[in-house]
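Look at the two complexes coming up: chain A is in both, with chain B in one and chain C in the other.
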Partner chain A sequence: MFKKTHPLQSKSEIILRNIVVAAMVIFFSVFLIIPIGIAFAGSFHEWNPLSGTYNFLGLENYKDVFTSGLFGKSMLNTLIFSVVVIIFRVGLGLGIAYAIYSTLIKYKSFFRAVYYMPVVTPMVAVAFVWKFMYNPQIGTINQIFGLDVNWLMNPKTALIAVMLMTIWKDFGYAVVMYMAGLYSLPADALEAAKVDGANAWQTFRYITLPLLKPMTLFVVINSIIAYIQAYVQILIMTEGGPGTATYLASYIIYDEAFVKYNFGYASALSFVLFVITAVFSWLSFRVSGTEE
Partner chain B sequence: MRRKISSIALNILLLMLGVITVYPFVWMLCSSFKKNSEIMALEQHLLPQEFILDNYVNMNAHFNFLRFFINSLVVTLVVTVLVVYTSTLCGFVLSKYKFKGRNLIFGFVLSTMMVPWCVTIIPKYSMIQSFGWMDSYKALIIPAMFSGFGIFMMKQHISSLPDEILEAARIDGANEFYIFQRIVFPMSKNGISSIAIFQFLWTWEDFLWPYLVINTQEKQLLAVGLKMFNGQYSTDYGALFAATAISIIPVLLIYLFFQKQFIAGIAASAVKG
Partner chain C sequence: MKKKMLAAMMAAVLAVTGLAGCGGSTEKKEAEEKTEAKADVPKEPFGDTIKYDLTVEINDGKDISIELWEWGSDDLFQQVIDGYTAIHPNVSIKLVNNPWEDYWTKLPLALDGEKGPAIFNIHNSYHENLINYLAPLDIPLEDLQADFTGVDAHVIDGNVYYIDYGMMTGSVYYNKKMWEEAGLTDEDIPKTWDEMREVAKKLTIKDGDKLIQAGLNFNDDFHQNYLLGLNYQLGENLFQEDGKTPNVNSDAMKQVMQMLVDMYETDGVGSKDFGEKGSDSFGQGQSAMVIQWGHFYNTLNTTWSDIDFGVFEIPTFDGEPYAYNRYNGESTFGVNKNAPADQQAVAQDFVKYFLANDDAQVAFNLAMSTFPAKKSLADNEKILENPSLKVLSEHIDHYIWPGPMPSTVETSLKKAGQDIFFNGVDIETALDEAQENIIKDMKNSSFESVENLYAYAK
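Up next, the complex of A and B:
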């Protein structure tokens, strides 16, 4: 069957292809598809590995998810967190990338490399650095600004503090993305704007910005997917507290699954997040499809 | 003239943002050379007034931090090498071979990237327990051997290699294994270096998985070790700063050496994708 369409196909090609395809299928089945199945089944059970319980509950876990005040609160927190961080990430990313791209800046790769530094550093470690910076006793933030705020212990400031840290860690990614986008812009469009006598602002507003729209969507949707899954900064800096002020959606799953060992309930929670993530992923495919 | 002024102003603005970006690292590093009394002092200075190395020396006496560091390095290197190899191999097959179901498999690989960690981690944890892989590096290495992202990136990369080179080798009688090892692999250097860098970072900073599957303290990795250390010595700030510095500085050094490849890799993932 293959031979007909591809006369050059050799025996070694068929062997290699079969090995590779089989390996991929086996690997992703064992470590992805089967686990998804197990989690789906588990989400309909009372499942606790410590006591060894695995009893059918029907839709009880899902009912609990949607009536849980903590889940509602964490979704609200995740929404606030995502919207604020993404606005800063995109705003700073675009602004800084455009500034570096302009002819006014000489040491372009220097600035880009500096802003990208926090992106590559391990989250656990930088979350600790920021936890110390917010510490009212030893922290440098109160010291610099002459404030007396217990950032991570005050319900009014805790989420803001975690968002600030996340903006610091992530904006460099958007800078690099937008710079890549800017350098791949079609030169003729910018040339044409120049010929037509457009000023710098008009060129940016009516040529550059619309051409960067696919990149903006890429950054925004990827950020949403990432922040739905964010939990490490919460685990290190606040553990969801004070009270429930910094509970994020994925942190609850960590908490339910590996602190309280409610595997069934945690599985139901993770399926709800799975559906939300899938919708955004689907959107990102649709968007990038129609843009081209 | 006006141009010159706006250029200076913009440079100063970007420089200030740069200072804010690096400040936490500088502050952490400086604090790691201070005495606890100086860290807690009311009047603070960025640079240590009395420069000491005790934090680094004593830390390892309480807590085998160097051991965590070596564990992390070994596991991360093994996973990175494996992922680079499997990604390049799968990318080669998916981009240069035409066969029935190829797009289906590629679509499947793409969709693996969309699954949030939280969906599979509980069943994977139960599976590792039933396989008897708990507390062994098998649990860290085997479930990480293939990467959807890596395969995707390498497929994009290898499809831009000219077919003529492969055909020429085939006419000369080279088999496909030889072509992969001797032609495709060396010609994919850029793609490989970006995958290697990403995979290295992800494995290095992974917290939850090693925390769940490794129980023996001596086998633990750095990210988890750092959290344990913070739990046990929460008031020995000098040591905490030193421990954090050890977890961050090597990554920053690698980044500074390879920053061009880092940035080219991340940008390629968007522009091509």
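Up next, the complex of A and C:
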């Protein structure tokens, strides 16, 4: 009874469609497309919107990006940071979600809420609290473990310390995502495995995990995008230090744009990062075989 | 005359306090307060060379409203506004406070349009972002030079857009209790860095290898309070003769950096891991001495009021330095060149009132713990009651301002210091890298050092 011969039949439907589409086009144009265009144009200029400086430089900003030792170092840090945090986020998220999903666990909603709580806490607040916990003199981490480590100012531990905080804050997101994925698994597939005599591990390895592949891809892609943009925890906990030991790619963009007011160079960095993010996302699709 | 001015300001403050206390006070009360303030308005011109003439009508006596933007210290600004509007009741000045974090993005964008504030507070570290929006001060250069020190450093193509009302620099703050417990007296106040290191050793307490009390702590501020200042004691400027090329890998800088490393690693008077910030560690009663700039005096009195502290002038290497230290100026207000002409005229007059008004100058300098740039206030009693200013009074002419340096100078030296202390990089390599970074970051900067304008410049 709801089948229509044409997608839109009435005049009011067409008007509504036009209004909705126009609103979306205006919204994305004003808040996304135009700013991106302005930033792209700015990346070819010496640009400080606060002083009104806007001088054409050609490709000089891009040349500086690719010859900058600090950018290379920060990209390596970003790669290490992203890979480690994503592995733990996915691993912990999947493991804990599977544990909560188990019929042996009661109070599922409680656990789901507890693990999700750090995710909804602002990064700024979490970073400040963890910075305090890492304090070499009065921090709880040294006191609990009886250590004497200057976590955030030791080049060997600083990035690890920031990664640890980020994993703690973010893995709850993967827990909730995987739980949603687990509850939507087709019951007949699991039933069939049981009938065929598959044990718990075999069911997980050959049925559950492959069926969760789209969710894993979703979490990984989202994580790549989020962690390539990570800078708040660096800004609050280490300011890129000691020296430049914990510089991440997005932190350089922040530093260049909002500390040095070098918006042209920051825009060039942003576009390079945009391309890198796109390439990694595409690669993830390729690797998972779900390019379409 | 000064008493009259003080009375006018006090009346204005009382008026503000009274209004604040009453909350929704009646119109009658407001009228009474205003009348009271008007009654104490000075009758004669005041000021030194820059005179403020009270008889000159503003905006032909017609009502006019302007905005004044600042980032803090509302009461302080309101005092000056109230003093001014008591003289000119047809002028209304709305004080707009934007937090520091937002101020420096909001202000230039507002100044770029037609509805920006006519007058605004300036910090010279944002000079390059603001200079294009500033109108030159409508006060003869020679009058400014006659009344204030450091004016020449602010002259751009014959114009002055703002000057310093006060000069801030570093001094040594010491914990008196720790000082006494170490058996030290006023006689032990060090004059040289060698003496300073010996005193710091006496103030250091250890339990085996574990540091319990640091004799001197410069964590997180070594770049601002040591590297960017002690080079002058050794006769080296921060910038080379062209005024643009940094000089941060100079022999003097290396010597200063080496001294800092030796104080921690050889003398053991502190540690890179003992407290994230030296200032906090001092405030928390864990470190006996720190070198901090003037604002620390107020911080101690407000945040760490239980610390009994003293202040002495920064030591020197040989007692006869080229300059004792670097200073930075607290700037006077800026006038928005894009504001309507009638608003600019009020803003110009307000700046003149501020510069001529000794009480406002003293109030601002005490609030910021800056040494007055106004020459006539160098031995002002109230100023010299502040120990952090008194210690500067003898040699204040031997402090040097390099100009409104881009932030990269500080941040690059901070990274260099962290590389040396935490990442095991040698001093020469770290300072060479800082030099390269600063050159790269400043390649498009219009900054030019004004070290050549220092009274004792070589």
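We take it that the second predicted complex is superposed on the first by the 249 of 292 C-alpha atoms of A that agree within 3 Å, B and C clash if a C-alpha of one lies under 4 Å from a C-alpha of the other, contacts with A are read in each partner's own complex, and residues count from 1 in each chain.
By our rule, a residue touches a chain if its C-beta (ideal position, glycine included) is under 8 Å from a C-beta of that chain, and two chains touch if they have at least 3 such contacts.
All of these numbers come straight from a predicted model, not from anything done at the bench.
S.K.: Applying the document's definition of touch, where does A:Tyr115 land relative to chain B and chain C: first, second, both, or neither?
M.R.: In the superposition, A:Tyr115 contacts chain B only.
S.K.: Have a look at where A:Lys194 lands relative to chain B and chain C in the superposition and call it first, second, both or neither.
M.R.: neither
S.K.: Quick one: is A:Glu13 in contact with chain B, with chain C, with both, or with neither? Answer first, second, both or neither.
M.R.: Once the two structures are laid over each other on A, A:Glu13 reaches chain B alone.
S.K.: Does chain B (first) or chain C (second) touch A:Ala125, or do both, or does neither?
M.R.: The answer is first: A:Ala125 touches chain B but not chain C.
S.K.: Now for A:Lys213: first (chain B), second (chain C), both, or neither, which partner does it touch?
M.R.: The answer is neither, since A:Lys213 touches no partner chain.
S.K.: Tell me the contact category for A:Arg286 with respect to chain B and chain C: first, second, both or neither.
M.R.: It touches nothing on chain B or chain C.
S.K.: Is A:Gln137 touching the first partner chain B, the second partner chain C, both, or neither of them?
M.R.: both
S.K.: Who wins on chain A residues touched, chain B or chain C?
M.R.: With both complexes superposed on chain A, more residues of chain A are touched by B.
S.K.: Of the partners chain B and chain C, which touch A:Lys260 in the superposed model: first, second, both, neither?
M.R.: second
S.K.: Between chain B and chain C, whom does A:Leu32 touch in the aligned arrangement: first, second, both, or neither?
M.R.: first
S.K.: Mind sorting out which residues of chain A both chain B and chain C touch, each in its own complex?
M.R.: Shared contact residues on chain A (touching chain B in one complex, chain C in the other): 49, 137.
S.K.: In their complex, what parts of chain A are in touch with chain B?
M.R.: Spelled out, the residues of chain A in touch with chain B are 1-2, 5-6, 8, 10, 12-13, 15-17, 20-21, 23-25, 27-28, 30-32, 34-39, 42, 49, 96, 99-100, 102, 104-106, 109, 111-118, 120-126, 128-130, 132-133, 137-138, 140, 143, 168, 172-173, 176-177, 179-181, 184, 215, 218, 225, 228-229, 232, 235-236, 250, 253-254, 257-258, 263, 266-267, 269-271, 273-274, 277-278, 281, 288.
S.K.: Quick one: in the complex, what on chain C touches chain A?
M.R.: 104-105, 108-109, 112, 128-132, 272-276, 286, 406-408, 411, 414-416, 418-419, 421-423, 425, 441, 444
S.K.: Can you check the complex and tell me which residues of chain A touch chain C?
M.R.: For this pair, the touching residues of chain A are 46, 48-53, 55, 135-137, 148, 150, 153-155, 240-245, 259-262.
S.K.: How about chain B: which of its residues touch chain A in the complex?
M.R.: Residues of chain B touching chain A: 3, 6-7, 10-11, 13-14, 17-18, 20-22, 24-25, 27-28, 31, 39-40, 44, 86, 89-90, 93, 97-100, 105, 108-109, 112, 114-124, 126-127, 129, 143, 145-146, 148, 151, 167, 170, 175-177, 180, 201, 204-205, 207-208, 212, 223, 226-227, 230, 237, 240-241, 244, 247-248, 251-252, 255-256, 259-260, 262-263, 266-268, 270-271, 273.
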